[in-house]
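Shared between the two complexes below is chain A, which pairs with chain B and chain C, respectively.
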Partner chain A sequence: MHKSLKNIINIISILIGIWFISFNFNEWLCLTMQRHQLIQLPAMLLIGFMTGYTYRKNIKPDQTITICILILTIFSIIFWMIPRSIDLAVINEKFNRIMHFNMLIAGFFLYPVLSKTVPEIKIVFLGMMASMLMAGGITLKTYNLLLCSSFTIEQQKQTGLILILVGITLYFFTIFIFLRGLKPEELKEKVNLNDSIHTQ
Partner chain B sequence: MFKKIFIPILTLSLCLLLLNFWTLGFSSFTVFSYTLKKAGVIPRPFPPIQLIDQDSNIFQIKDKKKYKLVNFVYLNCPFVCHKVNNQLEQIYHKLDNETVPSRLEFITVSFDQENDDLQRIIRYRKYFGDNISGWSFALPYHYDQKSFDAFLSKLGIWKYKIPSTGLINHSIYIFLIDTDNNIIKVFDPARDTNETIISEIKACIKV
Partner chain C sequence: MSQINSTDFKKQKNLIALWSYTFLIIFPLLIILGLLMRLNQGEVIDLGIDNFYVVMTLHGLGMAGLLYSMAFGALWYLLASRYVKLNIKVGYFIYTTVIIGVVGLVIATLIGKFGAGWYLLYPLPFKGTFWPGWATALSIISLILLGIAWLIGNIHVVYALARNFGGLANIIGWQYLGRKKVDTELPPVVLIAAISLIPGVIAFLAGAVFLIMFLLQNFEPGLNFDNLLVKNLIFFFGHTLVNITLYCCLGWVYALLPEYSGREWKVNKLLVYSWNATFFFILFAYFHHLYMDFVQPKPLHIAGQLASYFSAIPATAVTMFGVISQIYRSKIRWTIVPTTFLLGVAGWAIGGFAAVVDSTIAINKILHNTLWVPAHFHTYMLTGVVLFLLGFLFHLTQTKDEQVKDKLSITGFWTFLIAAHCFVASFYAGGLNSIPRRYSDYTGIPMASTHSTGATLAAISTIFIYILLIGLLIMYFSIFKNLRQWYKNPSKT
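Showing the complex of A and B:
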């Protein structure tokens, strides 16, 4: 009873989230580049991620599928950062829905895949995401040309700056994951060292 | 083992293939460059259009049997269009009298049919001085918005009116058209310097 109630609440929360981001506030979120790129896109990814977290036990991908999903996730994010895709997502409603659905699906598989994969792949994935965000941010910030016809150059530069900051934060997070991954090995080494001292 | 390597490589290849298709061979990442590239490689014919200039002369671009430098603006533009026209003004004055107007004509076309009319373009032209013979400011003549938009996309110009602000974001390319009505060069004033544009014009006209 409890489990099914929890499931229903989860599904309702997810649907409400999708409705707010993709329908109710869609027009408002498409008004500026910051809202579109820094709120709407990550929000859909986050809703997908939370859905994936909820149903993580039902998804058990093997190593090959994991790598494929990570490739597709990176590709999806690259695709929706291309100025032409951004423009079409703002101008064309159908294209906008495709973007939301794509982000939702990408986020959905992200948690089960990342939680079950080896730290090396996690680090490579996060490192690539951080680099990608920084590169995208630098492009938007430094270009004095309007890249997206749906927005203004000021919005483009502000979005670029925030993307750089997000990329740097993610980069530090990657370093944290990397160091955390190293810790058990160091501990093991210390234990082995202590054991060898005691046996002597 | 084969499956383990093959499937991720296949996935990556499909992603790259789609990106390649989407950006016309990793060369057009914005709607501006995509529309221009999609319109076709140059040299290609300048699509037919009837215009009316500041002196109420009705003409077609192809009827002018000389080289033409054509750009598109709208007069309510807050910044970019005027910057491009200022750049064109500098180019105009740097070219010698033998080139403009006898061999080359400048044509600036407004694509804001809602707000720009003959009176406005006459007033606007005066900002560039009285002695600018060989530089026409024109409007599309008897075109509804839909057919004019079709002309623009055929030409390779992207135009989008932002609903919330009314601003028109558009391509700022400058087209050099030869005597046979072929587009032979496309300049991007945001990237090409005046010197580059002038030297390319001179090279084309001499040939």
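Showing the complex of A and C:
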């Protein structure tokens, strides 16, 4: 397929994805906490991630920049898990768009950054994400008061339970990545901290 | 052994010198905090209840963090100078982050009066506290920083070892379990480093979960987490951290003792089996901290007892047998380094035995909340880990001939060691007399005999702390002088 045609198809697919999640189904996705936190937020992140994957060759972040981007990604996700932010994102349309844009950008840099970064940082990032999701999930699950006025307490508890399960899965995935990274063939292929910093 | 160039070596030398100075300065200060606690329990001074728990928190968190950091720093230096290329920038990142974390903890405790103990038992740091919320938040953030620094350090070392020795299976010695002849010998220090640091990675990640939960709790006081879940996470993190501190030290005993005995200490099948057992069981041994929690499922209590036995006994037995075979009729010159290593292993064995006794459910029912518990961990920390660290510092800074001539250090060492054993004996005696632990003083105990025994033992123990500090000070004359010379002299390796 011609390169520019492929590019056009990619861009159209991404835009359709954004339109569906952020506009067409926005109202439906904001109806329950599960849809909002477990479908809309990750979907925007995923679209960003796929966009980043598509244009991965054009993005070559520096080692120090990768750490900054990962920290910003963590903070973005934390921010959109705070009850007040969730409420505002549901009630206020502008805030809602900022959330979508933020997730899109966070996801966009994730693939190029994770593929370029050293295993040490990758594992710490994944581990902290897993811990954050578990802690956030446990909070939603155990709290008997309504944290977000836009949703119900049942929705809050169900969202918490799913977040715990996602967090546990990510935790074991992190351990798996760590141990898989210790295979001889993986070690030869991987960029390691010694080489990457020494060559800078 | 890998070759390290002189520039890289100089950098690694600077880093270990920095770690050493930091350890040498902070360590006696933390002992003084311990002294204050025992003086208070002995009714010699009156700290007040609040201040006692502030001091206890800083002493506990400080000692656990300092000893682990120094043990890790020393292991890092040994591996970097002999076996693998470790990135110096990562080394400095770890050092700086640890120092920031420590400063945070000092501010949170001494200024903020945070006094929840090292174990931060939930919901203790949040409910009815005598310290402000910012002190709790600062403590949690400081602990997160420490956790991230250690996590990155552990992962970096494990990856470097795996890269150099051909993968995970090789660094944990599985090539010795097959029938094929092993082509490249695995240094025991590499095996033990891997066995210690991999569970460390898993535990630090679990630690991050409870620390983030604590952070959320601090911002939203209405939260109510499951106490048992939080306790499991805390002890999985804390118990593993303390265990791997000891194993990091044992790594260099395996590497350095042969240099004094003149005998090789090689990895073999038995060593691999025993340390692999430790690798697996170390993750489950922490259940013995939860015997008193009746809501914890009973099979986990049983698993805790079994894992405690299986994680401790094989490695201890094999290491002790190895040490004996190293020194038996070896014509070893008993300078300070092999002496500290031998007696450090003895301290580990004594403290370890006391720990295994306490991890037996039937006995734990009686000893759990008594001074037996501080007795056992002070034994393997003060007369185990600390001796290994001192031995390492002497090995680093003195040649064998200099060690023979240095009679002052030997005098200081014996003063320190005898006082340290007498000090921990006061804890054991307290445990056997049912003196409760974590009490700021014993005045409120309605049984006169328990009160007087507890106070008397505490007062007596302070004499040994003074002697122990004198012994340490004597050794410091030599260590500081030699460390300065070693650091300045590029020819000294």
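Keep in mind that, in the parts below, the second predicted complex is superposed on the first by the 183 of 200 C-alpha atoms of A that agree within 3 Å, B and C clash if a C-alpha of one lies under 4 Å from a C-alpha of the other, contacts with A are read in each partner's own complex, and residues count from 1 in each chain.
Just so we're on the same page, a residue touches a chain if its C-beta (ideal position, glycine included) is under 8 Å from a C-beta of that chain, and two chains touch if they have at least 3 such contacts.
This structure is a prediction, so every number in the text was calculated from the model and none was measured.
**Q** After the alignment on chain A, I want to confirm one thing: do chain B and chain C clash, or do they fit together?
**A** fit
**Q** So in the superposed three-chain picture, is A:182 touching just chain B, just chain C, both, or none of them (first/second/both/neither)?
**A** After superposition on chain A, A:182 lies in contact with chain C alone.
**Q** Just checking: does A:145 make contact with chain B only, chain C only, both, or neither of them? Give me first, second, both or neither.
**A** both
**Q** Who does A:173 touch here: chain B (first), chain C (second), both, or neither?
**A** So A:173 meets neither chain B nor chain C here.
**Q** Of the two partner chains, chain B (first) and chain C (second), which one does A:87 touch, if any: first, second, both, or neither?
**A** first
**Q** Could you say whether A:68 touches chain B, chain C, both of them, or neither, answering first, second, both or neither?
**A** Once the two structures are laid over each other on A, A:68 reaches chain B alone.
**Q** Considering only touches as defined above, state whether A:19 meets chain B (first), chain C (second), both or neither.
**A** Touch partners of A:19: none, neither chain B nor chain C.
**Q** Just to be sure I read the superposition right, which of the two partners does A:136 touch: chain B = first, chain C = second, or both, or neither?
**A** second
**Q** If you count the residues of chain A that each partner touches, which comes out higher, chain B or chain C?
**A** Tallying touched residues of chain A, the top partner is C.
**Q** Let me test your reading of the model: by the given contact rule, A:28 touches which partner, first (chain B), second (chain C), both or neither?
**A** neither
**Q** In whole Å, what is the nearest CA distance you get between chain B and chain C after the fit?
**A** Minimum over all C-alpha pairs of chain B and chain C: 5 Å.
**Q** Please identify the positions on chain A that touch both chain B and chain C, taking each partner from its own complex.
**A** Touching chain B and chain C on chain A: residues 144-145.
**Q** Which part of chain C faces chain A closely enough to touch in the complex?
**A** Interface residues on the chain C side: 85-87, 89-90, 148, 151-152, 155-156, 158-160, 162-163, 166-168, 170-171, 201-202, 204-205, 208-213, 215-216, 220, 222-226, 229.
**Q** Considering the complex alone, what residue numbers of chain A touch chain B?
**A** Result: residues 31, 63-65, 67-68, 71-72, 75, 78-79, 82-85, 87-88, 91, 144-150, 152 of chain A touch chain B.
**Q** Help me check something: in the complex, which residues belonging to chain B touch chain A?
**A** 3-4, 7-8, 11-12, 15, 18-19, 22-23, 28-32, 34, 80, 158, 160, 162, 164, 167, 169-170, 190-191
**Q** Would you mind writing out the residues of chain A in touch with chain C in their complex?
**A** Going through chain A, the ones touching chain C are 119-121, 123-124, 127-128, 130-132, 134-136, 138-139, 142-145, 167, 171, 174-175, 178-179, 181-184, 187, 192-194, 197-198.
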